[in-house]
Structures are given as C-alpha cells and as structure tokens.
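Down below is the structure, laid out as structure tokens.
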Amino acid sequence: MPEPKQPGKSKDSNIVSRGLERLRAAIAPPATLTPRRLTQIRQQLQECAEALGGEVSTRQRAARLAETYLGLDDAGRCEFLRLIAVEFGPDPAAVASAHAAYQAAVGSDAQWDAEAGLRLAVRSARIRILTQFNAIPQGVKFLVDMRADLLRHLDHEPQLAALDRELEARLGAWFDVGFLELQRITWNSPAVLLEKLIRYEAVHEIRSWDDLKNRLDSDRRLYAFFHPRMPLEPLIFVEVALTDHLADNVQQLLDVNAPVFDAQRADAAIFYSISNTQDGLRGVSFGNFLLKRVVDDLKRDFPRLKTFATLSPMPTLASWLRKHPEALADCGIALDIEALVAGAWQNDKAQQRTLRDRLPRLAARYLLEARKDGKPWDPVSRFHLGNGARIEQIDWLADTSEKGLRQSFGMMVNYLYDPDEIEDNVEAFARETRIASSATVRRLGRHEK
Amino acid sequence: MPEPKQPGKSKDSNIVSRGLERLRAAIAPPATLTPRRLTQIRQQLQECAEALGGEVSTRQRAARLAETYLGLDDAGRCEFLRLIAVEFGPDPAAVASAHAAYQAAVGSDAQWDAEAGLRLAVRSARIRILTQFNAIPQGVKFLVDMRADLLRHLDHEPQLAALDRELEARLGAWFDVGFLELQRITWNSPAVLLEKLIRYEAVHEIRSWDDLKNRLDSDRRLYAFFHPRMPLEPLIFVEVALTDHLADNVQQLLDVNAPVFDAQRADAAIFYSISNTQDGLRGVSFGNFLLKRVVDDLKRDFPRLKTFATLSPMPTLASWLRKHPEALADCGIALDIEALVAGAWQNDKAQQRTLRDRLPRLAARYLLEARKDGKPWDPVSRFHLGNGARIEQIDWLADTSEKGLRQSFGMMVNYLYDPDEIEDNVEAFARETRIASSATVRRLGRHEK
Amino acid sequence: MPEPKQPGKSKDSNIVSRGLERLRAAIAPPATLTPRRLTQIRQQLQECAEALGGEVSTRQRAARLAETYLGLDDAGRCEFLRLIAVEFGPDPAAVASAHAAYQAAVGSDAQWDAEAGLRLAVRSARIRILTQFNAIPQGVKFLVDMRADLLRHLDHEPQLAALDRELEARLGAWFDVGFLELQRITWNSPAVLLEKLIRYEAVHEIRSWDDLKNRLDSDRRLYAFFHPRMPLEPLIFVEVALTDHLADNVQQLLDVNAPVFDAQRADAAIFYSISNTQDGLRGVSFGNFLLKRVVDDLKRDFPRLKTFATLSPMPTLASWLRKHPEALADCGIALDIEALVAGAWQNDKAQQRTLRDRLPRLAARYLLEARKDGKPWDPVSRFHLGNGARIEQIDWLADTSEKGLRQSFGMMVNYLYDPDEIEDNVEAFARETRIASSATVRRLGRHEK
Amino acid sequence: MPEPKQPGKSKDSNIVSRGLERLRAAIAPPATLTPRRLTQIRQQLQECAEALGGEVSTRQRAARLAETYLGLDDAGRCEFLRLIAVEFGPDPAAVASAHAAYQAAVGSDAQWDAEAGLRLAVRSARIRILTQFNAIPQGVKFLVDMRADLLRHLDHEPQLAALDRELEARLGAWFDVGFLELQRITWNSPAVLLEKLIRYEAVHEIRSWDDLKNRLDSDRRLYAFFHPRMPLEPLIFVEVALTDHLADNVQQLLDVNAPVFDAQRADAAIFYSISNTQDGLRGVSFGNFLLKRVVDDLKRDFPRLKTFATLSPMPTLASWLRKHPEALADCGIALDIEALVAGAWQNDKAQQRTLRDRLPRLAARYLLEARKDGKPWDPVSRFHLGNGARIEQIDWLADTSEKGLRQSFGMMVNYLYDPDEIEDNVEAFARETRIASSATVRRLGRHEK
C-alpha cells in the first residue's frame, strides 16, 4: 500500500476518525515502554482477562489499555503484543486433560460435551482481551490496525504466530462477506472518503482531485466494500471503465482530457484497478465477491454489456526475470533487463519492430509457466485465475509510466471473466492449478520445436 | 417469549422479511425428510464443507441448502442439524496428532505454531458450513432462528451439544456489543417495527396500537438494540417512564387515559419492562450494556434525572413457594397459594390489613434468601443484581393483573441503579454473590428471634 | 374530509407537530377576542406590515401574532382575518394613480416599468403579513390551516374574498407540483404517518390498523404527495389494487381475509380511493399529476400492467335524484328513493332481477346527462373526465355498505385511463365538455325511442 | 461572482446537474434564432399560455420549450425573453375595465371581489408560462439561471422590466426563508458540493482542495442555505473562524500551515467570508437570516462564545477615492492611489510609520461618511449595518494580497454583532441611516478643527 500522497499539514479534520485521533493526540509523542509501565500493563491485561467488575467496566478498562497501546512507539507495541501472545495463551496442562477426556469419550454420547470442553480449553484469553478493545470509538478499525502492526513484527517474533491466527480468525468472522456493503462511489460521495481513495490507490496512483474526478465520470464506475462499523473506510475498491473494446492502454484510460464515452453504448466493462486497503485484513479475502457483485450491478444498469475483463499489471515480471535471465535469450531478446526498464528502445524504430513480437512472447511464457510453490508466480495472475478468469490478451506498450516499464517493460494483460466458464476455471485451478488462457495467448507462449 | 398477539391473516407484507418469507412460501407445507432427501443433503453439505468451485458458488450452494432447511418440518430440521453435528465434527485422530505435536513443542519457539495447528485441528467443518448460510437474504436472522430450533432439540439430542456451543460462539462474535446500535423508538418509527414490539413484549402485554402509542408518549422512552444486518428486528428493548417518584404500580403506568407527565420536570427514570426477543441468542448477553447506554442517553436529554430504577416482576415467586410452602407460615400468612393467586383477598379489608405487612415480608425473604445453584432463584433479580443494582423497595398491589397475581400475588419490586455503588455491587455479586439491598428491604426480610 | 376516527386520548405524541401543539397547549382554552385585544392586534399587524427593526425581528413578531391567532376561538379568528382583509388592502387612490400612469405609458418604452408599478400598487400588505407567519415552526401548515378557517367564514363574510384569493395564489405558488414529492407508503412507513391516513381517508373508511395493513400488502400500492416543508403530512393520496380484472366490488378489495394476489401476475391497476387531505388547499390542484406519476411508477415496477382504471363512487347520485325524481320512472324503476337507499330489495330476488338492468341504466344516464353549470353533476366524474379518463363500466352491487347504498344504491363506476386517448379526452372535455364513455355505457344510457 | 477557477476539462460528472447537462449537450453548439424558429416558439408559448390538453401535457410542452431556450445563443435567449415579456403581458383594455369596476365598488361589499378581479386582470400569462418550465429536471435552478440571463440584458432591453419584476416576485415566494435549510458543510460533505464552494467563493479565492480542507477544519465552520428543490447547490454561504481574539489579518486565517486552534477554548467567532452564489436571485435577500441562524447554531455548540464579528473587505474604497482624490490630502497622505495600490510602501519603514496612522483614518472616514443615494457607499458596509452590526475596528495590513491592496490598500474592517444593540441598530439604520460605530472608529474618523 503506497504512502499517502496528499501534501499539506498533518492535522486531520476527518470527523469519523476523530475518536482515534484524539486518543493519539493525547499521548504524543510515542512513548517507549519502561519496565515499570510493562508491569502495569501486565496487571491491566490480567484484569481484562478476568473481567472483574462487570462487562461494562471491563470494557472501559480495555479502552484505557487501547489508549496506552496507541501511545507506544513501535518497539513498545511489539512488546505489548508479545505480552498478550505469550502470557495469555491456553494452559498446556488443562489442554492435555481436556484432550484426554475427549479421546476417551469418542464414540459415546459424552463425546459432544467433551469436544466442546476441549475447544474451551484451547480457547485463549488473548482474543477475549482483544475483543474488549472493540469498546473504544472505532474499535474495529483499531483491531485491524493492530493486526497490521503485528504482521510487521511476525517475521522476527515467532511467539506472535498463535495470536496472529486467532486475530485473523476473529477478523474473518467479523468481516464475513455477508456483513459487507457494496457501495458505488461517485463525485457525490463525501470528500473525506474520496481523499482515502487517493491515499489507498495501489495500482495506478491518483495524482490529483481532477484525476480522481475523471475516474468517477459518467463512463466510469468505482465500487468499494465497506463494513458497517468502519464507515467511510473502504476495504477494497475496484475502478471500472465502460467502453466498446478490450482496453489495451492504461494511459488512455487515465487521460483526464480524453473525451467522455457514452456509457449507454458500452459493451465492455474494464476493471483497470483493484486495491486492497487494509494491511491488517491479510488472509481475509473478499475480492472475488466484490467482482461478482460489481458485475451484477453493472449488468443491471447497462444490459448491453457483454465483456467483463481487466486491464492488469504484471508486477513481478521484471523481478522474476532477474532470477531467470535466460528467458530473455529464449525469446530472442538481445537487450538486458536494465535496458528494457530504461525504455530507450521505445524511441528506436528498429528495436521496437523486433520487441513488439518478442516481449509479448516473454510475457505469455511468464504468465503460463512461471511458478512459485506450484502456483503462478505473478500475484495478480494468481488472484484472477483463482477467481475463474482466463488470460485473454497481452498488451504491448500498455503502461509506459516509469512504474510500468520498471515492473513489466510497459506491458499489461487482460484477464477475461466469461460467465460460461468461470465456475469450471475456478474448480480446475483449485484442483490442478490449471491456467485458463485464450488460444492467442497460448500460441504466443508456445515453444517452437 | 409470548406468542404473537396480533390478530388477522397470516400473510406478511413486511418488506424486510420478504426474502425469507418467499423462500418459505415456495416450499409449503413443511416437508418430512425422506431417506433419499437425507442422502442428497449429506452430499450437498459435503460440497459446502469442501468449498469446491470457489467461494461465490459455494455460497450459492449453501443458500439452496438453507432453503431446503426452511422447507422441512420440525423432525426434519432436527435430523438436518444432527447430520451437521455428527458428521462434520473434527477428526479425533487428527486432533490427537496435533495435540501431541503441541505438547511436544511447549516451551520451545515451535509452541506457537503448534498451538495454532491444534486449534485448526479442533475447528470443525460445521461452523464453516453454517457461516455459508449467511449468503441468503437475512442470513444472520436465519442462523439466529436456526439456533432457536437447535435449542429446542438440545435436551433430547445430546449430539447437538458441540454444534450448539460453536454456533453460540460464532453468534457471540457477530453480536459483540461493539456492533450493536442503540436506537430510540418513537411513534415516528416504521409500523413494521412497532408491530414487532407488540409481538415481542414479554413482561406487560401490549394490548393495542393505542396502548403502544401511550408507551411512546412524551413522558416515556423506548430503546432497543439492533444489529446492522438485522434491521427493523430489535434484539432487546427497554421501556422507560419519566416521572417524579419511585413508581410502585404498573397499572398506573400503563393506563392510556392517565394524564401525560411533563418530562422536563422528571427526576426519576423507571425501567418498567425489558424484553429479550431472540431465543436463538441465548447465552449472548447485552442487557447490561443496554441499560448503561440508555442511562447515558437519558442523562443527556434530561439533566435533572437523579433516580434510575426498575419496576420489576418477581416471575418465580409463586413457583418457588410451591416448593417451599413452609415460608407462608413463617411469615404468618394463613392463606394458601391458590387463595393468594385467586386474589379474592383484595376485596376483604381484614385480610388486606393482615397481608399488607406479611406479603412484602415474604417477597423480601424470597429475594434475599431463595437460591438456585448458589445464585438468586429469581431470574429478574439475578439479572439486575449482576448488573450492579440493589433491591430497593417491595411494592404491594403493584400489578393486580391476572398474570401479576399468578406470579407474585400482585407484588413487584424496584431495583435501584445507584451510579456510586454499581461497580462495587457488580464485583461483590460476581465474587461472593452478595445481594445488595436497601435498609428497608433488609429490615423487612429479617427473621425475628 | 371525515372527522378523525382514532379513539383514545387527545394528547398527541407526534414529534413533528410538537411545535404547533405546544403553542396551542400554551393558550388553552380558546380565548374570545376583546376590543382591547383587537386594538393590540391591529397595532402588531401594523408593525408586521411596516417590517420595522429588520426582517429577523419582524418574523419573530409575526410568530407571536400567529400564536395569538391559534389561541383564539372561532369568532375571534374570523375577526382577526377580517381585520387583515379590510385594513391591509391596497390603497384605491394609489391604485388609481398607478393605473393612470400605466395606461398613459402603453405603447412607449415606459410601459414596462409602469406595468410593474401598477402591479406593485395592487399588491397588498396582507400577503406580506401572512408570509411572515411562515416563521413559526410548521409555518406552511399553519397557513394552510388558516385558509381552511377562512374558507369556512367566506360565505358569510364577503370582505374576506380578496384575502382568500391572495392566499390561494400564494399557496398555489408554494404548492406548485414541481415542489411536490411522490412517496410510496408502506407498512415500513412511520406510524405517525400511517395514523394520518386512517384519519384522512375520505372514501372508504379505514376501520383499524389491520384494515390499513391490508391496504399496504404486496398486492396493493399507496402513494401520496408531500411538500418538503410539511413532512409526514400527506396532501393527497391514492390507494391502488393490483389485480387481473376490472375490479367491480369494493368490499372484496377491502376484505382483510381475502387471499393475497401475486402482484407479478397483475395486468390491471385499480385506483379505488383518492383522498384530498387539506381543506386549506382548495383550488390548488395536483390530483392529475398524482395519477400520472403513480402510473409511471407502477409501469416501471410491473411492466405487464395494461389497464389503469378506477373503482369510484357516485357520491351525488341520490341527491341529484331527489331533484329529478322523474328519472326513476323514466328508467322503469318503481321503488322510491328511500326504498332504494334502505336496500331491502337486495334480499328480494324478483326486485333484484328487475333492478339489475334498470339501476345501471339510471346511473349511466346520470353520468352522461346530469349537469351543473354545464359540467357533469357528479364531482368524482368531473375530476376523472377532466383528467382524460372515460366512463367504462357501471358496477351493480359494488358497494353495499350503508354509505354506498345511501349515496348511489350500492353502485359504483370504473373510469378507464387509456394512454392512447387521454390527451384527446382532456382537450375535448376542456373545450366542449365532451364526456368520453365506452360503447357499453353509452348503450346502457341510451333513451329508446 | 467570480468565474470558475477549477482547471481541467469541461465535462461534468455531477449527477444532480445531469438533467440540464444532458439537455444542453443535446443541442450544442448554441443555436442562433432564425425568424422561422421564432414563429414556432411564439406558437408554442401561445399553447403554454392557453394550457390546452390538460396540465400534464402542458408541462411536457413547457419542458420542450425550456430545452429550446437552453439550446439558444445569448442573443437568441434575449429575443426569447423579449417575446415573453412583450407579447404575454396583461391586456391594457381589460385592465382598464377591471380598474373601473374596482374603483366603482370601493366602499361597498363588492369591493373585495372587484379587487380580486383587478388583480387577476393585472396578472400576466408570462409567469404562468415560466412556472410551467418548473417541470423539467431542476426546473427551479433553470428559472434562477434564466433570471440571471435576463438581468444581463435588462440594461439595454427596457421591455424586460415587467417580466423581471414578476420573476423576482415568484422567486421571492419560492425562496422564502421559511423554506431554506441551513446546513453545516464539512469535509464529510459530497465532493460535488465542495467543488461548488471553490467555484462560488467570492471574497477570498479558494486556491486548492487543501485550502478548502483548512477552511473546514475543527477550528472553522462553514454554513450554507439550501432550497429543497436545489440540492447540493448552496444559495449563500458563510465561513467562520473560531478563535480567541478579534481577528485582524485574513492571511493568517487562510494559512494552511497555521496550527489548529482548540475550538473548545474559543470565545470569538469571526465571519471572514460571505458569498452569494446565484446571480438570478438578486433582490431576494436571506443573508441576515443566515447570520442569525449561524449565530444560534454556534452558541449551542460553543457556549463560551462571546464575540460575533466579521473580518470584512472594503471592496470600493479605492474606486471611491478615485472620485474623491482630495480625501488623501485631507488625511495627510502624500502617496497617490496608484502608489498605494502598488504597495511598495510596505517595504519602506518610514512610509509605513506615516501611513499606519493615516490610512486607517482614511478608511474610517470612508466608512462613516461616503454615501451613495443617502446610504453607505460601501456595499459590504451597507449589508452589515443594515443587519444591525457596528463598525468596530479598522485593520491595517490585514489583507496584503494583490486584490486586498487594489481594493483597499491592504486594510480590512471588523463589524461587530452585539446582541444587545442589533435591533436598535437595524431600526436606526432603517429610519435615519444612522451608522453604528465604536468610539475608537469614531475618534479615528473625526475631522480635527
């Protein structure tokens, strides 16, 4: 997720986030965690876990603890999380005993109570504590952000693993797609929300309010998923262009001076940007539901739509190539990676002529063959193939921005969602990682004998 | 929870419930579950558990299964639930192996992954299946109602126990009070919602729309908790009268011809009815939070309020007395239970004179002394004492309805919420089941030597 | 407009009307207007007319005057209105002078300023004063109600005529149909609004909340027009039944125990009740726009609808007949009016057989021939014919309620709105009062030679 | 009203204005008005005036005519308006006859009907035609914009005068302050609305979205009036800074990098910008009501506020001085106007020292003495004095922008709204144009003898 691109002062007049902001402001600058403070926190966590004094006052205590957390610096937060992870887990002895009772009861009528008993023994106090943090204003957002903190420390703190899984499971229950609301976002939406799109857009940077307004014009659609307890905070959003062809150039789509297309004449919907916004929801997926619902909504408004496809980046083509440089020669490309990235070949007609056949060949092979742990190497490809799309077309000179050249030498790819084959594709991909693709792409990627 | 009292035809024009209604209507009358149908269902459940073909189509499959469930008769639904409970539990062998790995890892860095692994092994497919049912319109309400079904069968079907606990845990996560919305309900609220209050009121029956309108008048307040995914469906609601004294007679409160009190002059808020509405949420508590938030809201609107108290029934006084008939004589009461219930003594001045001292004494002893499993026998008393209230006053001839006589010989009780002592009361009750009470009530209940 | 039918106490918990209610309550009981008070009022009106002290304080002064008005009894209000009407009119001398200047300027460039000058001279202070009353809470409703008062006094107070026309013109500007909002009313609408429908229904009394709920069921629609400054106060509403035939019996439509029709199969929309609610808006018409918009809305939701028709009363058939008793004999009817109204003939098979031909003949002639000032005698007929409908069918035994017998011997009539002929009908009716009718009705009404 | 400052393409994705936009787009580019077209239009206007075929189809016809108007170029629109003005006025002969009848009836009971008759004769078909235009989407905005067109042509087309007054009167009725809604605008408001603030701000240009966000921060308030039929279209708006002193420098207020003031500590509310947005509503005033309601709202939210004052420009000081150059010498100022405007003196310490006494003296005299038609020369001064404010303080070097120097040599003025004297001030200003001012300002403006 990119850093905020909005210039200007740091103060935030956003009304909805005022709760957290005020808390944060109250304890600035971030404090280090002293041993004495740690002892206090341990004591408070203990009280939260025991829930003395009734649920209402327990929640109030938890809210104060959450404020403490927000006031800590990065190391302090890590220590706080480690404390919860290590000291509030299940009791191995109690687990052993519940497990013995369960195994003894298997097959008898007592099995079911014993099973519930084992599950209870395995349940830790951690999640009970964390759930209580939900009592602060914007508590859900707080826990999502806390998990984002946790994930950053997970690599070097293996003790956080069990806590992470528990938090992921709880967030997964809360963010069940049944609870999410699909909203269409327009130029009529609150500025505070639109500002977040500018900040969160992860694929093609939104450079200004004019750029954003263009993406909300009458030949565009922008949809996002929201959680009822995180208003004005999109979880994931997708940008769609309505057009009459399989769009193959993203600079054209983003050109604020391009004429507006009459959306009523559109027969194609191009998904040209999909951004996840909450790091803390890693592992909780809703992208496929988003696309499904967006397609339904578009079909209702524009019955003439026939084609639903993406215009997608290949974010890891260049990095893959650095590990497999021989692929260049295999495709008959004489330039090295740095030259391809630099892009000077765009101005050399002879080089262009040569590359216009060979670069797409390279991309096709990359998409069809490059694997990591048996799955497609490219993360975007993994997402769309897993959702039932097929690789439809390689687009040459489709994103000639610095980022486009750096990632994939200016190329992009269309994934096509064909309603008639989505379900088969999903299943074939899930069972045997079969990669669906068009005949053209397969021909392009074929190795001549 | 009482049966619906609304007369008239069964068709339901309620827009929000149309999703479920339509489903139900489609398969009427309730079908019995044939062996062949059972086999199909097992197969479908299997597919849901495996989630083949992607999440989107899995949810669609689950939706069809939910429709099937709704079309079954009571025995069929029980069998359906039993099938999920028994056949989609965890695998004891896998649990044993994960448990061994966990115990072996305790104390090492591997403990945390192993803990997560054990938790994964204990997790069953049941909840995964049930959660998918969330995809139907009003899926949350569907699961709440399904648990209500399950609870009715739990006594005679011990195999349902583990499933019940899992479902309770999941509903507990979804209905976390952080997600609930407090709403004030007025005569401006949708009729479809008001109609539900009439149906759900569990303490003092709402006899007509005029009766309801009276309870929403300017000297009254009615608040309810809602879940964002169950709109127009109150989870719990409380009725409040604004007045200038500790109300001691519920018939006066409910008299539609009584003059309206000027709420701006009120110094007391009397909670005279609290109704839980969803059987399927048994074990998921939010009553204490409701009272807390209602008090906050009232304080903001009526800064002169000093007293926050209930006017509560003693629903189990008579039934307790049937088990402890000696208590009557202990209090010097010569009438037997049936005579007390019949209420003819109300018209006999001599009897009234005698009972006016002795019945309240009986009630005070009942509240202070009658226990079940170490806790107060009376469920309403258990609820308010657990929330930090104290027993303030016994009200003689406070509810002379047939129901009031039958339950508690016409008596009611005020529980007082004194902000200064709530927290202490909660803790003392939680630790040692100490029952807080006023000096008057204690004196009343005292056994003379 | 019928009197309120709601039983019960008079106090009104309606939040939106609280402004007026509080004002009214403050000055109960209605006061008579003393000479001294009259002098004060004259003084205050003078100040309002002069608008001294700025617009803000003028409006505040007007608000106090409005409160005074609300506190007066009927005679006092009439005197108040007469005072405004007589003493705050235009100055005849100033009008004469402005008129002379205008006529002198006709034909020159000065004509246009002179015209504006004349219009200014004709403008009275009355409307300026009344408009200032708009400053009280619900000021628009106040002025509408004030005109209802005024209309009741108009007959015996000719001095109110000019004021009435000015007020009508101002209300006409405010209630321009461009400002009205069409809303569909359902069982999800606020109870306070539904209660008003019960009170305002002028054609077929709504007897209970169950009756109302039936009229809001899935095979029904109810639409109303609202003004943005009179929320929850319908101006006019229409009740529609979705069915598969030209409904010819209103008791069937209103039967709460009748099965619900599947609206998706409907090909006919029957407008069975249209009620104006605000006496004070007499002369301000929006009924035709209401029907137009309702038809548009129904067409969008139910594309299979082919027939748009009413099931209408003939409210003045019996009263017309009392003036033209010979019409009975002309139709071969031997019973006299009282006997027809009493309705005993319904139980006499022989009489029924005779009347079943002859009563409809009477009705057809009444609708086709009875005139008042050249227009149809029947007010409902005047309304629908003026909107472009045609008289389609006479319905025998269609409303056998006491009211139905009393007004029209149990008969009703369907007016049909045929999109292909509406515009022609409107124009032919406007130009030459041509009454559109079906061949059947014309044949029925024909006088044999 | 300044021109739109938003750069970028002309297409407008604004959903609310889509109705008009689509109409306009359909007939681009603006057409000239041919004689043949003019004849058609005359014919259509005639049909609108006669209202043949019913109100519904009349409105549809008017809508088509409105589209025609929108498609015309400026000269064509002027001709269209002239046509309505000249050919659809009242009939002088009919007016003469109605006037004669009126004068004859004065003093008799017939006077009141005759008065209504005269008013009817004076009423023209023009307003009936224009009102029908209300039927198009956003009809109210259409008429407001049409009057803006009309006002631009009024100078050179005296024939438009009567039409202008009629349209003003009708708009005055529609935009009665009783119908206006006060809304607070925040960073949570729709972007399409915020964008209009950027476009409409007439006092201190909003340079960017960051600038706007700063003006919506927690130490600021921005309020606007809206009409229910012109959503998202502010009629007038005011920008307020919450602070702890009488702000005397607008650049400080607009500095996006300035620290945010804690609004809870504010005791002063400074109105630093008030913008009317709709040229077509000239003569329809609501500025005084806006300030009144804003003050009420601020008092409720910030009970500690004591001072309500403006920081205002003197937009016509320099232009007045060009007509009265002797005032410079009278104040002992040696520089000429151009030198003062150029502002180089700001960098010359000696000149600064001299001017710092004398420029404020000049401003004080200008505000206290300069008149046009007996009223204060300065339009901003006229507005605030008419509303009951007093001239409180002259601010030296308060707006050193190019515009501030050009208009008033960098000076600004605070008008103070003191609740205790507002009403007196309004009345004294209305009666005798008495200018309220502080002792300091009076001393400053005094001419020494």
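Labels for the chains are A, B, C and D, by order of writing; each one numbers its residues from 1.
Everything below uses one rule, namely that a residue touches a chain if its C-beta (ideal position, glycine included) is under 8 Å from a C-beta of that chain, and two chains touch if they have at least 3 such contacts.
For clarity, every value in this text was computed on a predicted model and none was experimentally measured.
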* Which neighbours does chain B have in common with chain C? -> none
* To do: Quick one: report the Å distance separating chain B from chain D, using the average Cα coordinate of each chain.
  => 59
* Structure fact -> Whole-angstrom distance, CA centroid of chain A to CA centroid of chain D, is 49
* Asked: Distance from the CA centroid of chain A to that of chain B, rounded to the nearest Å?
  -> 39
* Asked: Got the chain B residues that touch at least 2 other chains?
  -> none
* Asked: Connecting every touching chain pair, does the picture come out as line, ring, star, complete or other?
  -> ring
* Asked: Every touching chain pair, please?
  -> A-B, A-D, B-C, C-D
* Asked: So in the complex, which bits of chain D are touching chain A?
  -> 6-9, 11, 13-16, 18, 186-192, 194-195, 209-210, 213-214, 216-218, 232, 256-257, 260
* Asked: Can you list the residues on chain C that touch chain D in the complex?
  -> 52-57, 59, 85, 89-90, 92, 95-96, 99, 102-103, 106, 109, 111-113, 115-116, 118-120, 122, 131, 134-135, 139-140, 158-163, 165-166, 170, 173-174, 176-179, 228-229, 285, 288-289, 292, 386-388, 422-423, 426-427, 430-431
